[in-house]
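Chain naming follows the written order as A, B and C, and within any one chain the residues start at number 1.
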Amino acid sequence: MRCGEFHTTYASDMGIFDTRRARWVLGAFMVALFAVPSFATSYWMDVANRAGIAVIAAMGLNILTGFTGQISLGNAAFLAVGAYTTAFLAGHGMPFVVACPVSGIVTALAGMVFGIPSLRLKGLYLAMATLAAHFIVEFAASHWDAVTGGVAGVSIPSPRILGFDFSDDRSLFFLIIPICIAGLYFAKNLFRTRVGKAFVAIRDQDISAEVMGVDVFRYKLLSFAVSSFYVGVAGSLLAYQARIISPENFPLGVAIDHLGMIIIGGLGSVLGSVLGAIFLTLLPEILRLANSAAAGSFPGLIQLFTPLKLAVFGLTIVLFLIFEPDGLADLWRRIRNWFRLYPFSY
Amino acid sequence: MKLIRSALLFLCLAAAARAQEIKVGGIFDLTGITSDVGKPYAQGVRDGVAWTNENGGINGKKIRLIDVDYGYKIPEAVAAYKRMTGDEKVIMINGWGTGDTEGLKAQVNQDKIPYVSASFSAHLTDPSKTPYNFFVGPSYSDDLRAWLTWVKEDWKDKQGKPKVAFFYGDNAYGKSPIEAGRRFCKDNGIDLVDEEIVPGAFQDATSQLLNMKQKGADYGYINVTTTGVSTILRDAKKLGLATKFGSNPYGFGESLPQIAKEAADGVTGIMVDVPFGENVPGMKRLVDFHKKNHPDDTHDTFYVRGWTYVLVWTEALKRADKAGHLTGEGVKAAMETLRDFDLGGLTTNVTYTPTDHRPTTKVNIYQIQNGKLVKVKQYEMERRPDWLGL
Amino acid sequence: MEFFLQLTLNGLVVGSIYSLVALGFVIIYKSSGILNFAQGEFLLLGAYVFLAITSQANVPTLPALALTFAFATLLGLVLERVVLRPLIGEPIISVIMVTLGLSSVLRAIVQGIWGTDTRPVHAVFSLDPIQIGPLPVARGYLYSAASVAVLLVLLTLFFKYARPGIAMRATAASQQVSLSMGISVRRIFALSWSIAAVVSAAGGVLLATMRGGVDGSLAVLGLKVLPVVIVGGLDSIGGAILGGLLVGVLENLAGGYLDPVFGGGVKEVAPFVALVLILMVKPYGLFGKVRIERV
């Protein structure tokens, strides 16, 4: 009977998995995950893919905001940069294996440009600068018609790898989820390295970090770059999944959604990004199901669905911030620990 | 035992009823930037469907409308479309906006889903490119051409060419007829002096109007929905401008004089459908349904528009059902058999052929006189082959 | 030249509304350090309440205005108590998110009650413009400019001479010292939220009467005003007023001269471009207080 966690070496303390059982559980979960397409309907595959993309984007934002402490309201803009880069490249015949990583790199560069003000700006003022970035990118997306197709949008061919055509959501799932897992694995490891520790140091106290020998500006820019790379890849996948993108895919609401995901999931937690993104992607779907079930008896409800969605979103965030400020990840940890030591927890 | 038997019977009946159902998707804007006109339209479609179901349905089969509010956002419309075709297996869709309809046109063609939408964009009229897209009324481009023709007549006794400005929203809907308008001006001796773009939702159009004033426009065509039209009219009035304004079928209706008040006087606009309550043969069933089900609601021309759409596509469903082809392809083919189909005066008669999806080219111009909508003129635009799809 | 003058004049009067809304932001930020992203929704709610009181209950304009302000005061008090107080001392991101969450809840309430149609408002001032020299100016904007001027004077006097005003300044300077001097910081926070709500409601009513109708798009102003407060500096009342006028003029000039070149949209994005440029040079805005950080 285990009654606690005892590490005897530094290596085990740094390990990703506490126990061998955790490894097995995760493995079983992955198998179950890849079995989803065999029974889910095509619409739920669409939802699953959107959740996968949201996980990558939220992970990216969490690196910047949760781990490095730089508040960004520009996530929708970075998503747009990635998506439009993919649309441009794919439109010029580039295959997926080129377009997707290049979109990530282009977005990373864009992120670094918008990260430059972070040298001088902090807190609210930085949030405002990224908000400005959002509106500037939105302006470019709707007026640079040659690349973005303007307000009418641009369509993207389905991705192909080695002649296999990922044309529907069921096949795209096998493209999106592995990329998602790889991204999470990288992030989990990033925070075991010097770079990741430097990010956290900057978040906790940037002046102290500088005194301790962390080049603050360099690491802030690096954080913007890594974060934007994730978001750019998410944007690229979003373009391939939606097949038609327009500036309306990237409203400020998306950036707020992503912030909501990491708040609800847990700031500065890889698991939190996953849980938060899945939670906030599923929430409107579940609401919609409940709403259409109830709409049979109350026809007026369909009109109220949009305000209802808004209210639930807002309330969820407010309630989490007041009552569960560390998010789902912390809730999950507490539940797990309670069961792990059951019945000897006290 | 009796209970179980009756429960079983009920289940069987329910299953039978379900089998006799025809599923139709409805993608509406109830909360987005065009909800001012989208909501009455959606209400019209729903009431039209309910009325059809009460009056025999589609040869005895009931229609089930699966409707969704997409808030005028293209991504939401794409998601709704995926859900309707993937999970609900609808036979056809009654859609709404120009941006989403044009965005989905390749997809509906691939899936063979007839897509009857409230967008009158002329880009949807060429069956060689968009075989599954339909709408009920003259195209935005023909509306603008007809209005420009009216401008020429209105200007007849004055010297020089009339100077015209276009105001349009920064979206696919706003931009749809602009190219057609530019060409028409060029070919017909009208000076297009200015084009002003307004954002989706805006509080203030003063700088745009000042630009227009500087260019000296005598006429202005506003291609946004009623709320935006009202803002522009009121701002023009505040600046004391003398420009004569006109608007398209979604910018002009009973609500315009109510919001814009005195600024709306003298404004011209295109009406595709008659105002609610107009004395035409087809209006009786609308008024009766209104009295029976929601006598306290007010209705307008956009509500009538919803009805005309249902009347057109239910006729196609009936014809497809009779022919035994109740499929997407069958409904499309049945739509294309409609010739001079009579809508009881609610709107002009419509015709669809396999080579031309322009339902009609007759355009009615109304004017607001003392807060009332008065019909001033009907024009019939040419069915020129080079205007197909433009 | 006339075109330039007309644009500038128009920018100034539109800017006066921005100043008014920006004042709400600054008052809250000054005392509690919170940037309230729900300000646009305060404005929206104020406009709708005014509308409901005048058109549904048929109350004349002035008492309706008083009732609207009473409602706004209450709204500010309740929100501060229920939502914001638990977050005192939490990181900035939490505070930003809570006001963002609040804004969607408020918007949902408005949509749920009043729907999304544009509701006509009784005309308060006539649409005929007033001529200033050769330039016509909208009547409503002049009223708004006048009320901004009045509010500015009132607020300045309030912060200079009234006890609560002085207490608010003290709280902004140092919460700990104020507490030990016997100032109830909680009451100060509550006061600043209700003042901000009233100022926003005033802005909402002015905008609604000028447009002749109310709909959800009024809340956009909450976002439009952000560059104003940042350019002026988050904690400067004078900065908010000047920033509002600057942004109004900038917007109109950009709309007048650049929109035709770029095909629209510059008017909306110009304030944000200016925001980035100003922040690069002056990281705390033009008039904001520079914070010296110590470990």
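Convention: a contact is a pair of C-beta atoms (placed from the backbone, for glycine too) under 8 Å apart; a residue touches a chain by one contact, two chains touch by 3 or more.
Treat the numbers as computed from the prediction; the structure is a model and nothing was measured.
A.B. asks: Looking at contacts between chains, which pair has the highest count of C-beta pairs?
C.D. replies: Per-pair contact counts point to A-C as the maximum.
A.B. asks: Using C-alpha centroids, which chain lies at the maximum separation from subunit A?
C.D. replies: Following the centroid criterion, the farthest chain would be B.
A.B. asks: Averaging over Cα atoms per chain, report the distance between subunit A and subunit B in Å.
C.D. replies: 39
A.B. asks: Could you tell me the distance, in whole angstrom, between the mean C-alpha positions of subunit B and subunit C?
C.D. replies: 38
A.B. asks: Measure off the straight-line distance from the CA centroid of subunit A to the CA centroid of subunit C, and report it in whole Å.
C.D. replies: Averaging C-alpha atoms per chain gives centres 33 Å apart.
A.B. asks: Which parts of subunit A, given as residue numbers and ranges, touch two or more other chains?
C.D. replies: 142, 303, 306-307
A.B. asks: Mark out which residues of subunit C touch at least two other chains, giving numbers and ranges.
C.D. replies: 111, 115, 263-265, 268
A.B. asks: Taking each residue of subunit B in turn, which ones touch at least two of the other chains?
C.D. replies: Residues 30-31, 39, 170 of subunit B each touch two or more of the other chains.
A.B. asks: So in the complex, the part of subunit B that touches subunit A is made up of which residues?
C.D. replies: The touching residues are 30-31, 39, 67-69, 71, 73-75, 78-79, 82-83, 86-87, 99, 102-104, 106-107, 170-172, 175.
A.B. asks: Within their complex, state which residues of subunit A touch subunit C.
C.D. replies: So the residues of subunit A in touch with subunit C come to 65, 71, 117, 120-121, 123-125, 127-129, 131-133, 135-136, 138-139, 142-143, 205, 207-208, 211, 252, 256, 259-260, 263, 267, 303-304, 306-311, 313-318, 321-322, 325.
A.B. asks: Name, in rising order, each residue of subunit C that touches subunit A in their complex.
C.D. replies: Residues 35, 83, 86-87, 90, 92-94, 96-98, 100-109, 111-112, 115, 223, 226-227, 230, 234, 262-266, 268-269, 272-273, 275-276, 279-280, 283-285, 293-295 of subunit C touch subunit A in their complex.
A.B. asks: Using the touch definition up top, name the residues of subunit B that touch subunit C in the complex.
C.D. replies: Interface residues on the subunit B side: 30-33, 35-36, 39, 170, 196-199, 201-204, 206-208, 210-211, 214, 226-227, 230-231, 234-235, 237-240, 255, 258-263.
A.B. asks: Could you pull out which subunit A residues touch subunit B in their complex?
C.D. replies: It is residues 41-43, 46, 142, 151-153, 155, 169, 242-244, 246, 248-249, 251, 302-303, 305-307 of subunit A that touch subunit B.
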